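Shared between the two complexes below is subunit A, which has subunit B as its partner in the first and subunit C in the second.
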Partner chain A sequence: MNGRLVPRLLYGIGGAAVFLVLSSVFLLAIGRPPLATLATMAVYAFGDGYSTSESLVKATPILLCALAVILPAHLGLITVGGEGQLYFGALLGTSVVVNFPGGPMVALLPAMLLLGALGGAVWSGIAAVLRTRCNVNETISTLLLNYIAVLLVDYAVYGGWKDAASLGWPATIQFPPAATVPSLFGTRVHLGLIVAVVAAVVLHVAVNFTRWGLGLKVLAGNRKVGAMVGLSFASNTLIVMALGGALAGFAGISETSAIQGRLQSGLSVGYGLTGFLVAWLSGQHFLRAVPIAIMIGGLIAAGDALQLYSKIPSASATILQGLLFAAALGSSGLLGRREERHG
Partner chain B sequence: MDDLVVVGHWTAAMLRSSTPLLMVTLGETLTQRVGIINLGVEGQMLGGACTGFAIAAVTGDPLMGFAAGAAAGALLSSLHAFLCLVCGANQIGSGIAVWTLGLGLTSYFGRPFVGDKVRGLAPMGGPDLANVPLLGPILTQLTPTAPAALLLVVLVGVWLYRTSTGLNWRIVGESFEAARAIGLAPRMVQLSGIVAGGLFSGFAGAILSVDYTQTWANDMTKGRGFVAVGLVIVARWNPFFVLPVALIFGLSEAATLRLQAGGVSLSPYLIGCLPYAVCLACVIFASMRESRYGGMPAELASVFGRRSG
Partner chain C sequence: MSAPLVAMFGVCKRFGAVTACDNLDLEIRAGEVLALLGENGAGKSTAMKVLYGFYRADAGEIRLDGKPVSFGSPREAMARGIGMVFQQFSLVPALSVLENLLAAYPAAPWLQFRGRARIAQALGWLERLAPALDPTRPVRELAVGERQLVELAKVLNLNARVVILDEPTSVLTPAETQRLYGFIRSLVAAGKAVVLITHKLADVAACADRIVVMRDGRAVDRALARDRTPEDLVEAMVGRDSLSVIAAPPPVHESAPVLEVRNLSANVQGTQIRDVSFAMAAGEILGIAGVSGNGQYALAETLAGLAPITGGDVVLEGVSLASCRRDGAISDRVAYIPERPLDNAVVADLDLGFNLALRRICMLRLFPDRRVMMEQADDLIRRFDVRPPQATLRAAALSGGNLQKLVIARELSDTHRVVIASYPTMGLDVLAAEAVYRSLFEQAACGACVIWISEDLDDLLAYAHRIAVIHGGRIVGIVRRQDASRQLIGRWMAGMEQGKAA
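Entry: the complex of A and B
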């Protein structure tokens, strides 16, 4: 085990170095001093209490969407459906608020959150059923379902749910306080973050230290052996996909309620895709995903701040994410080859 | 007579919508034929659309735009090739990385071109032909990219099934071992397959922005690259089958546009789901039949295939 630690560290550092070089090249290409800009970004991300809290706000849906990728990955499934599950969860959760805006908090808030999670679970469950019943590759189905979910939210907010008072802006009514996810420490950080971290820990324990988790490992390795000892790939696929989808759906409804205060078009800025990136950077590891999601949340928050203060378009954060992903995939791929050679 | 005019209009709209998709699906078919799945086609298409539009806007020559778009697609696809072939990275992950980069780079560098218009290719027939039944709408509404795409289907199909390089590619997709045994270098063939897919997807993107919409907008491909990856399965990895499959999708997209323009009371956002739903339905149908008919290259199956059993 220890013999593997040094090369793993070296490849990790190598990947980080490649990312630094690539991002410097990009920043030079757009005429910005690379090191100074990266340092500014670090300050914008975690420089003080306020920027740290904004980074945590971004990290919340990202972490939830990452968990929605990691759990199915433990069964060998590759889903890219976080974005669609997030949107459909937000849609279903919002339906409660739109229909009972005057409900009491004890009923409205839990019902909204539960329906949000259910929406994500259903959207992900569709892909799971297609996978087990019709043999449809889950990567393809989740990617296509993403676009449909985004359009369904547009259908709602441009159509029947549009608030007449919003002057044509495609959005629902403002969520009443009884349907607002509580925030923490007087910042915009909300309960969703705690749910996400607790979910990461619980899933880590469940997958690594329970009989169910062992079953997933067996099924992921060899489905025939799994079937022989009485494990069902179909029902486990449905369970991991629905649970993951529920987390992404919860991300959608909590972001809608706590941060945006109403359901609107363009509710997510690629949180689902970023969650996929975080899942892979973590090596499909629930606990490692937590700090990585916070780091990437910082990158996105810094991108927003750069747009505001330095007039660098926030698409630069997407480019940096792509470069980071490429560098990480390259180095982990090379590491995998090395470990194959050396056993 | 009136019926023929309607049929002509629908055929023209269908071919117009199908052309970019036909191109990108052909390219992805070639890539998957050598045992590689590339989800990065979505990003490559965006790269081709943005670069192609920029070059066509600057030079005023749509053909230059097509060439630049194809080159941009090939460039982005070579990142996929590097990550998969040199580093041994996971193909799905690498494709998503290419998509992310394509999305970020085009929305960053494409900003100055949002809202611009370019002049695409001229239609094949002049306005005096408009009243010819059936062919009139097709000739006056379509540019030469549509027949070029149809021609490419035949060329790629014949090349893949009737030439020795085509045979070599198919052997690599089925078995590295067999390929090495007859002296091929599988990695080099895979590199060619990925870059060929990149050229096609970039060209497809450029057709979309320069010739079809004649504008550039962020994320304008709207999942057409992913649709293409799905349609390759539906077409059973056969370039000839790509044509009917892409036409079905083109028809659903043409129907979407016509319904929206026709003042149907249904929400445009709801109608907009149609092409994705049609694609998903086709993939479901094809996947259910796959166990009976097969057709997936064996080396591809090891990374992307049916893991049921």
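Entry: the complex of A and C
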């Protein structure tokens, strides 16, 4: 694999250079000094303990949603359903809290997290069953299921679950402390981050070093041969989709519980789709997704800070994020094509 | 004799440490078929790919019409009238035959501008090559032989003066092969030059004018075809006095049948087999002959247990396959060498070590031991002479013949009760084919029922205990080797006559 290190480094350098050029053009166009602004953003993202912790908070659901894309990708499935799985997980997890708000922590918290994960697994599992039974393309079905899940949450928080005390604001009751995911080191960083990183490591080992992972590779490469040696595409599809969905669902319920404190409309700011992009940036690699998710988390956190302190609209951070993805994916794509031609 | 159309002087081509083409001199003349004969890896294809602009020569000179040329790409070679039909075709499966032909013109992809004249021009050659072929059919529905004819029509449409055919007969049925020979003769009569890359002596005997035998990248013999006997050519190809003749497998003892196929019917990807019945004793070799596309694939897949049975049954040692089968998985008592190994038997993106361990994948430990896997792979690779011998190489990097050897190494390294082999020597040279036959017959000697689907009637007649002929999805006749003749089997293959089971 040593031979492939150099081109990979090249992608990195090339992508960074292209991003620098593109973002400078953009910042100049909105009348900001490019390098100074980028430096400020870096400080807002990782300059001190507090900003780093806020970046990690943003990175948590993104990383979980990225893992939910990477795992099915190892079976050759492309899912874009992180957002929907996140919402449906939050919905199902919240149902526990809404129905038993006074329960003891030892029962309430695990039940809530478990149901959150189950919700994501079910939402993703629908797409898996459609794929294996009716041959419905999983990319399309997961995309469409996103809309349904978002609207289901809206239906709940505008309807029966609306907290009477919230003066018409579409949100459920405040989660009791017994249903709050514990935070770490007195910051807003919560247990979800640890779960995400551990999941990344475990999945990396499972996919790359076990018999099961080898089976996924066989099925992804040649499904007919896989069937011949006794591997089932259908059950493996269900497994990877459900596991991935569970992670995204867990992202939804932990974000709802630890960060927002209640289920409300617009709970995710595109974490699911950002996770999808992180997955592709990482080259569908579980471990590489961790630093990339943290970097993107930093970019989003810095965007919020920019708006607050430098009066640059936070949309510009989203635009910068888009430029970063375009630069990284574009440069790896171009270099990849060159490699193919010369290889 | 006229001046050569193409002359190659001292052409060398190296890939890393391997010299594929070593100081090669070659002349290609108009109105003549030059057979480039040699085993797998002798450098025949490489030499022609250098001429075609696919590779750049490391040394040497190429002259076209007496003037030095150097083609940087196949497009340039094409423009100067040199066309090549590869073993792997470059057709777009989703497009129709006509669209593929039109897309080959330099003006493509402006497919919408297809006037009547252009269409007639594009179909001109095809009508002569394959009059029965409907040009509106998508290429993915065509049999391999038909695809090759389309590919050839594509090259001829571009006014090729030199037509290079890379192992063209390895994918054709006997009848298609005969037609291709005739067509090659007519091309030559029309003043074109044809280069026939082949390892089959039958090709040479049928239509070559001149022969260049290559071995290890060098031309070891050049002569007029009529001056050489097949024995001379084999000697030149393999570089030794004579081939060890494989002894025909000993006759089987009459015994109760081990494998019984009773009124088997199935439908595999639109091809049907109907009412197939035969019984086999332990150690018996049953050859299956037939024009390709008559249900061989469906029969093999069904017997291997990979396709659902719609009627009848397969009974192995008293146990019905139809009743005790995990969904689609092959039984460990059955070895199966499918046709088109790249599609049907290997995972192209995984390395040779994994591919050789595939059959055991469900029995591996939770954390498979890579080192053990690689050691076992190295051993198999050595025993079955897979080249290059590197277990870490991806299967996609192997040539067709070596891929075939890889599958055979996996399937035939253990003994099985039933061995199903579809075209097991396709793309293999004399020595490799001999090794495959040995392993196949060894399985029979150990008591396996060997079902051997082949297009090579001579080999079937020499080695199989009985020969069954499949036509239109039915077994039209089964005959013992000693009672069989080419004529009889030929009539059965053509579906002209119903035989009786023997």
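Note that in this section the second predicted complex is superposed on the first by the 338 of 343 C-alpha atoms of A that agree within 3 Å, B and C clash if a C-alpha of one lies under 4 Å from a C-alpha of the other, contacts with A are read in each partner's own complex, and residues count from 1 in each chain.
The definition used in the following text is that a residue touches a chain if its C-beta (ideal position, glycine included) is under 8 Å from a C-beta of that chain, and two chains touch if they have at least 3 such contacts.
These numbers were taken from a predicted model, which means no experiment stands behind them.
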Which of subunit B and subunit C A:K224 touches, first, second, both or neither: both
Which superposed partner A:V18 touches (first subunit B, second subunit C, both, neither): neither
Contacts of A:A111 with subunit B and subunit C, given as first, second, both or neither: neither
First (subunit B), second (subunit C), both or neither touched by A:T210: second
Partner chain in contact with A:A326 - subunit B first, subunit C second, else both or neither: first
Which superposed partner A:I78 touches (first subunit B, second subunit C, both, neither): first
Superposition-derived comparison: subunit B or subunit C, residues of subunit A touched: B
Intersection of subunit A interface sets (partners subunit B, subunit C): 224
Subunit A contact footprint on subunit C (complex, rising order): 304, 306, 326-330, 336, 343-350, 354, 358-359, 361-362, 364-368
Subunit A residues touching subunit B - in the complex, by the definition given at the top: 30, 76, 78, 80, 130, 134-137, 139-141, 143-148, 151-152, 154-155, 158-159, 223-224, 233, 270, 273, 276-277, 280, 313, 315-323, 325-326, 329-334, 336-337
Subunit C contact footprint on subunit A (complex, rising order): 209-212, 214-215, 217-218, 220-222, 224-232
Residues of subunit B defined as touching subunit A within the complex: 39, 79, 82-84, 87-90, 92-94, 96-105, 107-108, 111, 222-223, 226-227, 229-230, 233, 267, 269-270, 272-273, 276-277, 279-280, 283-284, 287-288, 290-291, 304, 306-309
